[in-house]
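Per-chain residue numbering starts at 1, and chain names A, B, C, D, E, F, G and H are given in the order in which the chains are listed.
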């Protein structure tokens, strides 16, 4: 496990291949599937919630594919849109802001396991890009960088509404970052680790899922995650009816789309973290990790069985993620938004004390159980 | 252990590449024409009245400041949570004292009205 | 004659220039110089108690009346307590379109008076902010005067017509 | 490979550090500082200080620098023409001279052989649990004192920022 | 005004070639199903616009459901409701501030021609101050009429050469600078 | 303490220009806001972006040509304005009591239907601007169903042009009562869902409650009328204070609030939708049969056969159309309860076929005037619910 | 039978569960989620069965499906071409006068048989407000509000200037509207 | 096992960074930039601590860094508070303007 020198050559190649495959998988999942698809899901889902049908008319050779092509048309349109920077704006920062917004949301996924460990031809495959022992802290650290994107976007735009939006987004994201960290301390106490793979493995038993062990932590975390994601009911920074488009008022074309993309990808990350921490990660309820591998091994032989189990686990994980994304969208489309001071009040006066209380209670219970 | 970070590095580079690519692409493609009125910041169809970069209320700063303090608190809590089971009762009391002191701080700012947006 | 007109006449004496009742609407015409006192009395007197100033407008009688009585400023008052209404009018001359502002009596009169200024060019003395309200500063003339042609445009942008 | 990473991060750290003190725009300075923090975090990770590396990003880049950025934006600081003070050029020259001196001194003084040879660290060196274990036993007192320090910081900041106290 | 150094379009970038028409086709296809609206709503037609966006008629089917209130992000200026002379400079400014490519949709009789308001305060059709792409009559038009107009606009956009862009500012400067 | 924004760190006040082309201002209002952080120190309202010369147009045309213009005053509830104008003209002509009973009832129904549509739009738009898009679309659909009813009667969805002097343009369609029943059943479901989504939702409540409050006395001084006045606890409704149409014959409640904040306005409007349904159902039950127009050739267009067959009818028809209906000299003010408050028509006739003056008392004009008063000291975000609950309708406010 | 003033229940003393947001969020999600699932299922069902009636949503797929209009609906005004092929209009000019936006212009002429007819009849579609006053004014039932609303959008304002030929429609196509006028609007019982 | 990168590399880097910080403090007048330079110096020291911690296989260096961070955070809160207070009184964050000795 610990080595500074390189792995022996025969082992190096599979590791590199494994690494690249995982990165490509996550990247294609994020950029290729979720970023465009979520736009479609969001549109269609909101449409159906609102008794509408939603985008369905874009067609190639008569095929409309349930409106999926609208995401393609949107991309083409946004790409060929004028790139615009207002006078008085800080040009380099104006370019930098969407960049800063997107990168963390793409990178944050690295530590989230989307499957367990499998032995394939004597090579252990661990379905996580980087199995850091700081685990969740990495996500927090990366998430804290996302604040810059929004704050700088507003600052660099030379627009009053953007400026207001950026101040709001800064204050809001900072407040909820703290609360988010504290809400998860309970989970870390329960599983005794910050490493997401460890936490994932610990949830093999259905009744050890985080949701049962940390219900309060779960609710608080969802609130914080929604706030970090800056979507309704916490979309003060970009509240259309108040601030026009908030901090990205002066952004056009793809640069504007990048903020949205970042938002969508953040949503995927949030859903993935929720699943990994509270909903048993890749586990199927009542079926153990090894149990499934053994069963599949019995059916397909050891190696292919492991592959089959891997596929099932990965599918289960993404299924849970998709369900969570849909729930997050349901929340987003059902609720009115807060007022800014109410958001801050919720963060500091309700969530933060409750999170501290949650830590206290968890500690007491854990000590009592022991 | 270090090779744990290599994927992250690779991923970061890839992400930076993607993002930079998108920005460069959008600034190359697309028609462009700039003229005086368009370059004005948008303010509901009239010319802006004041410079947007005026100063903001001190509360925003206060929030950031409180954030730092509580972030440090959280930072201390993470390693504690990881070794909580090993430390047992002793660690629990120890941390509760720590939290208590900071809760006093929270109560102070609460009472001082630093959390109010009035 | 209606009850309110009687009351007004008895109380106000010769400040009431004329009064009439038509279709159940009681109307009193008040001398311009006594307007503010009369309206304040109408608001405060227990028998009257006109706490609502429902409407304030003007009428341009160009060509049908003497030029010294060209404009009428019309107040529609309503009393919540007594549930009755009264129309109060005052006459404004063409060459001196000035009358008293009643903003001090009813806050609501503020915009209504600005509108009358905008539309008829009647100036309300003592109004805190006598500016155009519906039209723009650059607009010349007062469109609801009978001598303003409905199609006389004064665009801020684009061709003249 | 390792050396390459070191040089990469080291170069960027230096570059951003120097650019930071040269930059005219305070906002740019702050952002360059963030880059600097990031590179240092990379170096920490290379040195096996995993928790510290992440905290470097989280606390320095994610919290302290945001606060700095807020203050810059909040005070609407835009530099006048002469950012560097009049005696700035001389100071810089002096500074660079001092820099050279310091480095030579370090290298001259450093007798690597006297240091114990680098040991292979324990498997969980620098991990969350390892730090936690030491922090909450050996460093108990500093830890508790930190809480008082933070409390003082809260009070201080509130007093300073809110005029009516 | 005039051609600035910054001005460019795809056609200039690619040079004139056979591929270009194909590229134009693809871009036209993309743009036609992806209108981000800037609803410039002032009057009665706005109520009908709500219906157009509402469940019964659902503007989203045409890929045009995202109202962006920042003109930088919008492609299609939906002028909905009477434009008075007081409002006209604002409309003009919003149009000028939109990022290229941009289209203008005249929604309702008042916008097309001033409608029944042939008077001192109303602009007699916004085509007197900006270039308009599609006119939809009616006071207010039925949602179906709006869709007819939108389909026409889609047709127009699909067959557009990208050399048409950028279009630049509207032909008039306001008389009064505010 | 007293002027903290001045003491506090020399914070420059931010002067913002909200509107006219801002999503929250409906395109027709412009707010100048002085902000200290997020708090409004001072606010000025500018209106007039939708001034369309209503009065001038009325004076320009004949009496009956004014109907299409009245449609576009409060375009959310066009029939109400039609009715108000018709009532005023009829009163001026001294034939107010000659209007057939069936017409009175149909007019009442149309008024209440349009009140419902108006409240649906208003409440929906308010929630839209508070971020709850789904609730908004539920009410849009509810309004759509109401509009179907209006369309089946008037022939147009929004600008109905339905009422005529001394009568109506057309009779109710066959099976109207049944359709109303169907629509109301659906609308009640939407109403319930809307109610469940919002009324007890704390997020919504916190946005609405104690924001934009106005005291009883201030509301009266600002000449508030309609739901906004009643929300402030003043018991005044034209339908009750001086019953017109069939309002004296039906049983309904008029909701009254206590504090005059946005939440009370919201509740009052929600309740009024229910009451309107009640009124309509009672009216349909009491609906008399009979003619819908005054049988007076000098007022009403004769039927086509009559025009062709009867010379006198034809002459009247031509005279009425070209010269306009002859209205005797006089003046009249008729208050009616519009969806937003008291809609009063003040008509002056100098005799002849054209109005000398046709003034409408716009309820939102008075309401909008108080925006600055209501928003002062609250947050930027509070403008939105307050302004929505004022329900500014450009056509009515600016005319 | 009187109206009463009734205090609305300001009510809203929230219970503990309502106060903690969670329950309200859940309730909201359940309501919207119910719509979502119901519409999802019904939409899929209609895709499978190919029957638009199976759709639970009220959306009309416009260019392919047309809405059902009430017979009172006023669409674009049309001139009636009588069965003998001549226009019914006698160019009396009443519609021109009655039209509030003044969008109609008529130039009348005399046929050899002495009847009047419009030599030109122009209706500016960009100005028309579909109010129906021309229809009421017309003594000859020559101009009626047809239920036609399609294809009115144009790229150019000039194209919306309809001349006589564009407006004339055979009588049988407008029969529904003519019946409606006679039955509902100018029926004898309406007086 | 040897460290992959020799210790003195880190030390030199940290020395340079420290000097850069010193130069910044000496040459800039903007209090916020000076504050950032101080942070830079702290970070340079942290780097040394961690490098030695790795060299010696001893966690104490990392613990030191941990504490330095905590202190730095507190310093940020108060330090920037002081800058704001200075700004409030002097309308400037230029250290030349706020020379207390000059009065």
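Heads up, the rule we're going with is that contacts are C-beta pairs under 8 Å (C-beta built on N, C-alpha and C of every residue); 3 or more make two chains touch, one makes a residue touch a chain.
Just so it is clear, the model here is predicted, and its values are computed rather than measured.
Interface comparison, B-D versus A-E: the higher count of C-beta contacts falls to B-D.
The most central chain, judged by the distance from its Cα centroid to the centroid of all protein Cα atoms shown, is E. For the pair chain B and chain C, the distance between C-alpha centroids works out to 59 Å. Inter-chain centre distance (chain A to chain G, centres taken as mean C-alpha positions): 48 Å. Taking each chain's centre as the mean of its C-alpha atoms, chain B lies 21 Å from chain H. Here the CA centre of chain C is 73 Å from the CA centre of chain D. Within chain D, contacts with two or more other chains are made by residues 2, 46, 48, 50-51, 55, 58-59, 62-64, 66-67, 70-71, 73-75, 120, 128-129, 131, 135, 146, 150, 153-154, 157, 161, 163.
Shown for chain H are the residues in touch with two or more other chains, namely 1, 3-4, 69-70, 73-74, 76-77, 80-81, 84, 87-88. Touching of two or more other chains is recorded for residues 10, 54-56, 58, 61, 67, 69-70, 72, 86, 89-91, 94, 100-101, 116-121, 139, 142, 162, 166 of chain E. By the touch criterion given at the top, residues 85-86, 88-89, 92, 118-121, 123-124, 128-129, 172-176 of chain E touch chain C in their complex.
Partner chain F is touched in their complex by these residues of chain E: 40-44, 46-48, 50-51, 53-56, 67, 69, 81-82, 84, 86-87, 90-91, 94, 116-117, 119-122, 139-140, 142. By the touch criterion given at the top, residues 1-13, 15-24, 26-30, 32-33, 35-37, 39-40, 43, 46-47, 50-51, 53-57, 59-60, 62-63, 65-67, 69-78, 80-85, 87-88, 93, 96 of chain H touch chain D in their complex. On the side of chain D, the complex with chain B involves touching residues 2, 42, 45-46, 48, 50-51, 55, 58-59, 62-64, 66-67, 70-71, 73-76, 78, 128-129, 131-133, 135-137, 140, 143-144, 146-148, 150-151, 153-155, 157-158, 161-162, 165. Chain D makes touch with chain H in their complex at residues 2-3, 6, 10, 13-14, 17-18, 20-21, 26, 29-30, 33, 36-37, 40, 43-44, 46-49, 51-52, 55-56, 59-60, 63-64, 67-68, 71-72, 74-75, 77, 79, 83-85, 88, 91-92, 94-96, 98-99, 102-103, 106-107, 110, 112, 115-122, 125-126, 130-131, 134-135, 138-139, 142, 146, 149-150, 152-154, 156-157, 159-161, 163.
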